[in-house]
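These are the structures, in structure tokens.
Shared between the two complexes below is chain A, which pairs with chain B and chain C, respectively.
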Partner chain A sequence: MFEGYSITPDAFAGKNAAQIAALPGHEGKIHVTIGDFFEVSGNGGETAADTDIVITGDCTRVKYIGARMTAGTVTVNGNADMYVGGWMKGGKIHIKGNMDSFCGIQMEGGELLCDGDAKNHVGCAYRGDWRGMKGGTIRVKGSAGNDIGTFMLGGTIIIEKDAFIHVSTHAEGGTVVIKGDVEGRVGGQMVKGDMYVLGKIKFMMPGYKKVDTVEKEIDGVKATFDHYIGDLGERHPKSKGQVVYANLYLKAVA
Partner chain B sequence: MPKLIKGVGCPYCGSSCDDIEVLVSDDETKILEVHNACIIGTNLFHHANDPTRPRLPRKRQPDGSMKEIPYNEAIDFMAKTMLAAKKPLIYGFGSTNCEGMSAVARIAEKSGAVLDNCATICHGPSFLAIFDNGYPSCTLGEAKNRADVVVFWGCNPMHAHPRHTSRYSIFPRGYFTPKGQMQRTVLSIDPRETDTAKLADVHLMLDQGHDYELFDAFRTVLKGFDIPDFVAGIPKETIKKSVEIMKNAKFCMIFFGMGCTHTDGRNHNIDAAISLTRDLNDHTKCSIMAMRGHYNIAGPGQVWAWQFGFPYCIDLSKGTHAHMNPGETSSVDLAMRDEVDCFVNVGADAGAHFPIQAVQHLKKHPFITIDPNFNMASEISDLHIPVRIAGVDEPGVVYRMDNVPIQFRSVIKGLPGVPSDEELFNMVYERMCELTKTEPIWLAAKEDRRYPESEAVI
Partner chain C sequence: MASGEMIVKGGFIIDPTRKIDGDVGDVAIKDGKIVDKVSSSAKVIDAKGKIVMAGAVDVHSHVAGPKVNAGRLMRPEDKFISGFCRSGMAQKNGYRMESGFSIPSVFKTGYDYARMGYTFVMEAAMPPLLAPHTHEEIHDTPIIDEAALPVFANNWFVMDYLKKGEVENTASYIAWLLKATKGYGVKLVNPGGTAAWAWGLNCLSLNDPVPFFEITPAEIIKGLIEANEYLGLPHSIHLHQNNLGNPGNYPDTIAALKIAEGFKAKNKFGRESVMHSTHLQFHSYGGDGWKDFCSKAKEVMDYVNKQKNITIDLGCVTLDETTTMTADGPFEHHLHGLNHLKWTNVDVEMETAAGVVPYIYDKNVLPNAIQWATGLELALFAKDMDRTFITTDHPNAGPFTRYPRVIKWLMSRKAREATLATMKNPDKVINATYINGIDRELTLFEIAQMTRSGPAKCLGLSSVYGGLASGMNADVGIFDLNYKDMPKDAEKIETALQRAACFIKGGEVIVRDGEVVSHGHKKTVWVKVKIPENPQVTRDVSQAFTHGTYTIDIRNYPVREYLAPHQSIIDVNVEA
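The block that comes next holds the complex of A and B.
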């Protein structure tokens, strides 16, 4: 299990292959280097923005890929472990396989694309922090587990297949789009923000009330949605004398 | 002549009853009678009389058998194994005193270990909810003296905390509750008809795993909005009636247990419960409390949060800072992902309580158990080190489920030659320092504990 917190364009920038191979990492309490686990070829760009990292091979046991990066790109031709793109501020990450949990946590900007599935806590807040994902885009082409966008304040999360439970829990902004089905607990304790579910919700939260049916286009899909507001049990701010609720757009059954 | 010792604390459940009376033999080596305790607590004291209690460490031999070895050999093995491991995991501490928990922290730091306690498989999710949403709690004394509506959500104290209902929650007569049970309305929210549910005035038998929806329904009703006709299998009218009972209480007390923390959603269930408690305080007084399992399982949370800033799942492998993220640094997740290469089980039974796949992964690496008795973990261990039983033959501080510290006393003399957890961990730490040729650093919270001999090391 390798903690590859140095695998970011920011750390690679301005370094040659040998210097990159000497960048630090951890395996438990042992100090290791990137070179202990990877063969490095090519040099980093002058700045993080000019640096493109391509990782070939299986990174199922490599944590923190692209964590805290600000610019540049990281492409993984395989799976990745936890904390992919965690705390990232800019740039682009493309994972061609699956991701483990905590990907994109506390994300502030940039783009995270995953061709496979993600596990739990996509775009979630770190434990105890009430300021979760603030910006950027996470797109998971497969399905995701529980806790998507907890304490989210901004940005967009798109799950192209199904999700399990807890979408946008405690969120105060941002947009979550789930193109498949969700088991339940969509928007629990949610204050503000938008959610789109193009499939079905098995168990609807009791705190959501249908107010309207609207035509909307989201992520290239145009459809009729049932518009719900909620979570009615949670506190809500007022704007211009109007109470602001979170919006859930659930694709209407044809 | 046998001696009757009064005001003894019971080392069993989170109620940490401190009104036990124990009759001990003249030479203070045998427990003759135990008064006031529940049947489980009584047996716990009598266990200490067991002549087959282990008195020496046992190490697994190449042929698979266990052989008794002297303590210094066991300490040497433990120190060397933990120092050699890339990421050791120390887990347990449900049933030991705070002094032991404090002492183990030195070993954990020295060996770059992950330090975790039984909360990880019990009330850990409550911690996460408390981080997210606060903890409007009180002491059990307040619950006893004030609460006229008591809600048991996903817990069954009649079995898990046998004296909880009689000492604190349902039956006792308190200052503002002089009529005891007659004055209290009891609600039970449980998918099964437990013995606690049978005692309750209202039992909401919800669909298993839908606590979060039900909490949300309670909150929505409390805010004056309508809810669907059925939520989690409970009719709307029953929910409205229950909310009315809670709202009209003088003091509403919510106790929650494993039914909330270890069903789908976990911390979110508690999070919603805390939000409900906060909402109820707009109407009346309301408080919430976790039904902690062991008599001192609140202890590691207190001790380690003071030492490291986190109550559980503390990854010290970096050597520079503590990192906590349950889901990654929690014992079961680490074991399931085979991330740890040495396992130390202290005062708990990982062999019985962990998923079998987790134990299979842990068993690939050195497996050490520190426990006064034989248990499933000790029998699969590579090394079993017996210690004294905290609360029976070893005194110490424990934290009750409401985070009230209680000084437990020892009622009998410890087995000769068997150290306490604290003494054992200090010896392992000293051995680790010898092996790494470093100076031990003794900074202790208590005057009578070990201090550095030279001022230079402070």
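The block that comes next holds the complex of A and C.
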């Protein structure tokens, strides 16, 4: 298992192939370099913004790809391990295979695109932390596991297929769109923010109340939604004299 | 203890116990103790152009025990932000990995204290029932000598005896408990308030009665001073006052300090105080609420300066993200209501409770900035630095690793102004505090009083810690500061004190060039009171275990010897 925290446009910028191969990484407690695992060709751009990284080969056991990057692009022609784009501030990451857990955690900006599935903890907070994703966009074209957008404060997460449990738990902002079905626990202890579910929720949270039926367009889909507010068991701030709730828009059954 | 001879040569010696302020001289060491002279074959440690001070003594820090561990379990992110998880040192053979920032691992705790030249640290609140764990953790913390203060002020036995005015029974119970828990002295945390918390209540003023026991915090404090002096313990009572952290609490603070009036310290350890009031910063606030929240450091210190039989420590806010943890259970619940961050609470049977909540002291949040100023003002208004000690109530107001930063602020008006200037509302901070009107800059001699001679004396340990006189422990810190040519840039003071050029403990070099080179020989210090048997107390204690008031058997209560393998016992004899 390689911790590829140096695989970012920021680290590659201004370096030639040999210098990039010498960038540090860890394998457990052992210090290693990128060159121990990859053949590097080409040079980094002058700045992170003009550096594009393409990885060919299987990165199923390479963690932290594009973590903390601020600009430029990273493309992986295959799978990636945990923490893809964690804490990223800008730029674009494209994973053409599947991603493991913790992708885009505590992300602040930029774009993370995955053609396959993501595992758990998409765009959530680090273990124990209460400051989740603040900005940027995560799009997973496949399905995702549990804990999507936990403690989310801003930004957008789109899961184009199904998700398992725990969506936007504890969130205080941001938008999560699930285009498929969700097992349950949608918006538990959520204070603020929006959720859209275009499929079905198998088990609805008891802390949500239906208040309206509305027409809305989200991510190119126009539909009629049942509008729920919640989590009624959680504290909620006031804005201009009005209590602010989290919103769940669940596609109405035709 | 290391055998052999050593001499620290040519440094600027700062030793308040002998009134030495920057004189160039040598410190001779033999067999782990400081001696008058050594032979010419002694190992020479060059301290030329550097300052030389005794090993520092921390009077109040939460470094071991169940609530510290609760904090560690609750905050994995604290390890993540620390960035020390793979220190270069840990890669070397024999050293352990360090992790954590506000609740560091035991190894990081020992290493970081040593790097700052600390030799003794007092764990400030030990729940008696959980003393075995506390001692295991203390033993696992390398290098530093440690002791722990069991908490007494919400203990059912104590409240029961004191309600009936039975000081001698209270004293006998204290003697029994110190022995059972290998404790050091008498800690009071929110007297009565934590007991009231079991009923969902609190005691905010000194005259709020504790439910069921019908005793007041004032009576508990007074009774425990009497019992403490009856026994003649090395340390005075160690008081975390009621009404912590609330706007407008300073009159309650002064009222509690006044309880010490008229008492005289009675002991054979050279201690002169009868009350140590801890983390006074949290108790020196004016205002009716957070909107007109302000510092009352001057008012509080005006009283402290007059009253010679009390000592204080600061509890300085360091403007960091930290983890608050205290046996003041109701306060932690209150704090959780303010910042909505995760909270945990533990109730410890008949003895105490504890809560843990993460907290971010943000310099741009007005009350936090005012708290920062208040802590520093207490020191800057103090007249007797041997009664005023530097702490951050680690980790409550900030981690102990920030002591050098606190010292920087205390030693440099410019450094205080620089921090003030980075705040969002410096004018509002200035209006609510005294800090901007204070020119005083503390000297290294005063810092040595606050971190060495003062706390050692207050703990009754001045015969071995806190000075460089012949016969004392050979604990010597050498720091890269030129006494005759102190840096204009206060940042350099912080850097120099953060990592000692050399730190010797028990005659053994522990730190060289800021890095730990030996795990040393740590000791657990505790106080054993010899007192004639008190049949009533013996009966009461045994009944509490046999009649099911406690959930465990009395045989499982005391700290067993193997949990504290390296003990240093202080004997106290109370005559019949």
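Here, the second predicted complex is superposed on the first by the 254 of 254 C-alpha atoms of A that agree within 3 Å, B and C clash if a C-alpha of one lies under 4 Å from a C-alpha of the other, contacts with A are read in each partner's own complex, and residues count from 1 in each chain.
The rule is simple: contacts are C-beta pairs under 8 Å (C-beta built on N, C-alpha and C of every residue); 3 or more make two chains touch, one makes a residue touch a chain.
These figures come from a predicted structure and were not determined experimentally.
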{"item": "Clash-or-fit label for the pair chain B, chain C on chain A", "value": "clash"}
{"item": "Which superposed partner A:38 touches (first chain B, second chain C, both, neither)", "value": "neither"}
{"item": "Touching partner for A:207 - first (chain B), second (chain C), both, neither", "value": "first"}
{"item": "Touched partner set for A:185, first chain B, second chain C, both or neither", "value": "first"}
{"item": "Which superposed partner A:29 touches (first chain B, second chain C, both, neither)", "value": "both"}
{"item": "Touching partner for A:166 - first (chain B), second (chain C), both, neither", "value": "first"}
{"item": "Partner chain(s) touched by A:5 [first = chain B, second = chain C, both, neither]", "value": "neither"}
{"item": "First, second, both or neither for A:130, with chain B first and chain C second", "value": "both"}
{"item": "Which superposed partner A:249 touches (first chain B, second chain C, both, neither)", "value": "neither"}
{"item": "Chain A: partner with more touched residues, chain B or chain C", "value": "B"}
{"item": "Segment of chain B intruding into chain C (one of 37-45, 55-63, 73-81 or 127-135)", "value": "127-135"}
{"item": "Contact residues of chain A, present in both the chain B and the chain C interface", "value": "26, 29, 126-128, 130"}
{"item": "Touching residues (chain side chain A, partner chain B) in the complex", "value": "1, 26-30, 82, 101-102, 120-121, 126-128, 130, 146, 151, 165-166, 169-170, 184-185, 188-189, 203-207, 209, 231-234"}
{"item": "Residue numbers on chain B that touch chain A, as the complex places them", "value": "85-87, 111-112, 128, 131-132, 210, 212-213, 216-220, 222-223, 225-228, 231, 264-265, 268, 271-272, 275, 279, 317-319, 324-328, 337, 339, 341"}
{"item": "Chain A partner contacts - residues on chain C that touch it in the complex", "value": "74-78, 80, 86, 91, 340-342, 358"}
{"item": "Touch list for chain A against partner chain C, complex", "value": "26, 29, 126-130, 235"}
